[in-house]
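What follows is a set of structures for review.
Both complexes shown next keep chain A, but they swap its partner, so chain B is in the first and chain C is in the second.
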Partner chain A sequence: MSRIKRFFRTYKPFTRAGVQEMVAYRANFICFFIGEIMSAFIMYFVWKAVFLSSGSKTFMGFTMEDMVVYLFISFLTDYLTYSDGAFAVGEEIVEGSIAMRMIRPCSFEMSFLFQEIGNRLISAAMIFAPMVVGVEIYRYAIAGVVRFHPGYFLIYIASMLIAYMISFYFNVCYGFMAFFFKNLWGTSLIKETLVSFLSGGMIPLAFLPSGLAAVLNFLPFASLRYTPIMIYMGMYSPSEIAWRMGLQVFWLVVMFALSKLIWHSAVKHLSVQGG
Partner chain B sequence: MRYIRLHKIFIAQYLKKLMEYKADFLLGAIGLLLTQVFQLAFLGIIFSQIPALIGWSFQEILFIYGFSLIAKTLDHLFTDNLWMVGYRIIRKGEFDKYLTRPINTLYHVIAENFCVDALGEMLTCILLLAYSIPSLDMPFHWYTIPLWIVVAVFATLIYTSLKIMTAAISFWTKASGHITHMLYMTNDFSKYPVSIYNKFVQTVITYVIPFAFTAYFPASYFLTGNNPWFCIGGTVIAGTVLFALALFIWHKGLSAYESAGS
Partner chain C sequence: MENMIIAENLRKEFKKVIKEPGVKGAVKALFKPKKEIVTAVDDISFTVPKGEILGFIGPNGAGKSTVIKMLTGILMPTAGFCRINGKIPQEDRKNYVREIGVVFGQRTQLWWDLALRETYAVLKEIYQVPDEQYKKRMAFLNEVLELDSFITSPVRTLSLGQRMRADIAASLLHSPKVLFLDEPTIGLDVVVKENIRSAIKKINEEEGTTVILTTHDLADIELLCERIVMIDKGRKVFDGAISDLKHNFGDVRTLEFELVNGPDFKLLDYNRRFKLTQDDIHAERDGSMARVRFDTAKVSVENVVSYTLSTVHVKDLNIKDVEIEEIIKKLYRREVSL
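Moving on to the complex of A and B:
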């Protein structure tokens, strides 16, 4: 018990720093958020035109209501599970400031993690409730009944937290890779575009050809975004939820192990010059 | 003339740098190309289920989409460094450098970088236009090609002017990258016909942040030949007015500028 206590006491200052950083730059955050959410609104109008043009109430099994929930919850999930704290790993290796992190009596990636959690707490406080409430008001206005399901909502949060951890360790791995490629802008653009598509960010995986969809459903990317959204929407049966979340945990373990492996082999080759 | 000669030197200088970092360029271009490929996959899936999007065929939508990339790419290629003004240059006190040189500051900031990554978008743009144009029955006159060039220039000015204006805000506030980002993101609205949006969005992207004139309006004129004065004239007017305003704000900002450096 005291070990756990000590653990949290060690990392609390990082979380506090993350919170302070986010509070200081909240205007930046809000501007960025507005810029980003516009893409969700563009998609909303595109889908409205699609449903208007098709004359049918459903598009490959999704109603307009489903589509709107999908778009905005997908956006929200992506925003909250996005992780770039470990992105700095590469930069710190280049600059040599990684040495400072290594001599501290605390774990390297945990300090990143807790700092980012502080960051996320503030951004979540600003956007999470307004977006969920907005989506539910829209649903209520369209359907005339309350569609909000507290059970699915709680499982969604649990699934999203696992998704965040997968995202975190995935990006720790990526941070090391980026260091080898040396091009941060180009490789991140490629990574983000790929992850966004493969995790169902642009099109629900159900709309893709069935063979491709089956493969993507199994890959770790679906665990990052598609699984939590589908849970929120109530698209999965209880047994399916259990199996999907099991898969999420499996990928979390894989990413965690992979990041440890890369870290240990990188430390062996690391040489920092000067100081 | 002096500036054209200088520009050649700047680009040559940049290309040398580029040769040293070939992989950087390649990865950036691949990333931009990939973004477009997935967007097109999305359109492909939509059109596999419906014959037309509120009256526009797949080919026409691809044309508008491809057309929207002309100005975006040109702006990206030549003026990418404006982003850095709001993100880094002023905050880090690096702007003083430009003030000590005997050339126009705005010109110097823009000419310093030449963003070849944009070639990834340019490739998509060319492929889309080359694929869609032959199957479309577009009116063609002797003045069509000159008009394309005019539109390309003024539509690019719309992009660049908005970036100059928002970058200039940092002369007062030290950082404005997030404001540039917020306004810049509205350009995505112009990739689709404006008729899919509600009245509010239509008004904003036509009269307030006139990105509709960088893509949909001129593209619809080239597709149908309707409303030349509004579609082409609007692009020219929007480009001119915004550019004049941008220069004005930039010079106002310069006189308010205080270095952040130490």
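Moving on to the complex of A and C:
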């Protein structure tokens, strides 16, 4: 018990620092948010055109209403599970300030994690409730009945938290690549686009050819976004939810182990640049 | 006295990718990188007794920072080991760093976006400093480093001098037993340098903190350290007291004087008068100022002065002791070896 208490006492200040950082750059945050929501609306209009031109009420099993919920919940999930880990770790490695983190009596990735949780808490506080309420009002206006399901909603939150942790460790692994490549900027553009596609951020995985969809469903990327969204929308049966979330936990363990492995081998090769 | 820091045969090699010039070279390096092993630190050993301030000097790229990074547990030595405060840094980093303080002059350990006071509050939690001790410590650091005037400002708005003082305070908050200062006075003005030196001195005297200091400012060394370790190209070239360094170099003095009438300088011929070579006594003139360097083993101060005064009219004169800076310059240029 006292170990857990000590653990939180050690890392709580990082969360506090993360919150304060976020507050210091609120304008940045607001602009980023506006940019993201604009792209969600662009996707909305694209899909609307698709539905109008197809002439039928459903497209690959999705109604227009489903599609809108999918788009905006996808946006929300992406926003909340987004991890800066890769960028932060990579940047600190490239410019050498990783040294400053290593002279502290704390675990390297934990200090990142708790600092980022501070950031995420502020974003969640600002957009989570408005987004969910907005989506549900839309659903109510279209369907005329309350579609909100508190059970699925709570499971969605749990699934999203696991997704965040997978995202964090995945990005830390990726960020450690900076130990070997010294610079991550170029490859991170490829990574972002690829992850967005593979996780169903651009198109629901259900729209893809069944063979490809089956493979992508199993890969860790689906756990990042597709799984929580489908849970929110009530697309999964209870047994399917259990299996999907089990898969999420599996990928979390894999990513965690992988990050430890890379860290231990990277530390031996560490060459702090500059100075 | 017990040794706080023991470094034995430390060695660090880096792999470096060799790039040929031009676009062709860059493309080639991308697909078939040619690697070369660079030895940044080559077999360095030294010890530092508890409570000593050790000056660690050497030209740019000599490997000073690499040694500091190995001692602080950031880098893994390729060979050899170090033991500080009874611990091997690379074995148990988290516990080891609890008892050391580190300042890298060219980087900051403060949170860029936080008010300075908040940074200290964060550090207090990380190092788990009890409230009572924290209060006392802040009062002490405030006194020696004068943080009061900018403690509520965000770190990004601090001037370099303020930031450096704040960084040093941050490294001392948890009362470390060993303090590593990597160029703590880099880029600072004379007044701030003076402040920082006296703070280091005070902390060393009052708390017996062992300090390793790297610097390019030799005044730091002369004012703070009794002993220096000098490295060049990754190897140790000198380890001993500053007085030994001066002694080994020879007791050279410089007589500086201002002539009433500049051209009178040609009346002085020290080499002929004392029958010495240019190496032992050497005079030069710059306008009305003249400078004579001489070895006191060959000719006494008294003789040089009285000959000067009896030959020309002098407005003002002073005699300067050998400066460590000069010795080090010569060492860097490999004009002398110890």
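Note that the second predicted complex is superposed on the first by the 262 of 275 C-alpha atoms of A that agree within 3 Å, B and C clash if a C-alpha of one lies under 4 Å from a C-alpha of the other, contacts with A are read in each partner's own complex, and residues count from 1 in each chain.
Everything below uses one rule, namely that contacts are C-beta pairs under 8 Å (C-beta built on N, C-alpha and C of every residue); 3 or more make two chains touch, one makes a residue touch a chain.
Keep in mind it's a predicted model, so treat the numbers as computed, not measured.
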| item | value |
| --- | --- |
| First (chain B), second (chain C), both or neither touched by A:268 | second |
| Which superposed partner A:104 touches (first chain B, second chain C, both, neither) | second |
| Partner chain in contact with A:194 - chain B first, chain C second, else both or neither | first |
| First (chain B), second (chain C), both or neither touched by A:96 | second |
| Partner chain in contact with A:27 - chain B first, chain C second, else both or neither | first |
| First, second, both or neither for A:10, with chain B first and chain C second | second |
| Partner chain in contact with A:53 - chain B first, chain C second, else both or neither | first |
| Chain A: partner with more touched residues, chain B or chain C | B |
| Chain C to chain A touching residues, read off their complex | 14, 65, 69, 72-76, 93-95, 97-98, 100, 102, 104, 106-109, 111, 113-114, 118, 121-123, 125-128, 154, 182 |
| Footprint of chain A on chain B - complex, ascending | 21, 23-32, 34-35, 38-39, 41-42, 45-46, 49-54, 117, 175, 177-179, 181-186, 188-189, 191-192, 196-198, 201 |
| In the complex with chain C, residue positions of chain A that touch it | 6, 9-10, 12-14, 16-17, 20-21, 24-25, 96-97, 99-100, 102-107, 267-268, 270-272, 274-275 |
| For the chain A and chain B complex, residues of the former touching the latter | 27-28, 31-32, 34-36, 38-39, 41-42, 45-46, 48-50, 52-54, 59-60, 181-183, 185-190, 193-194, 196-197, 202-203, 207-208 |
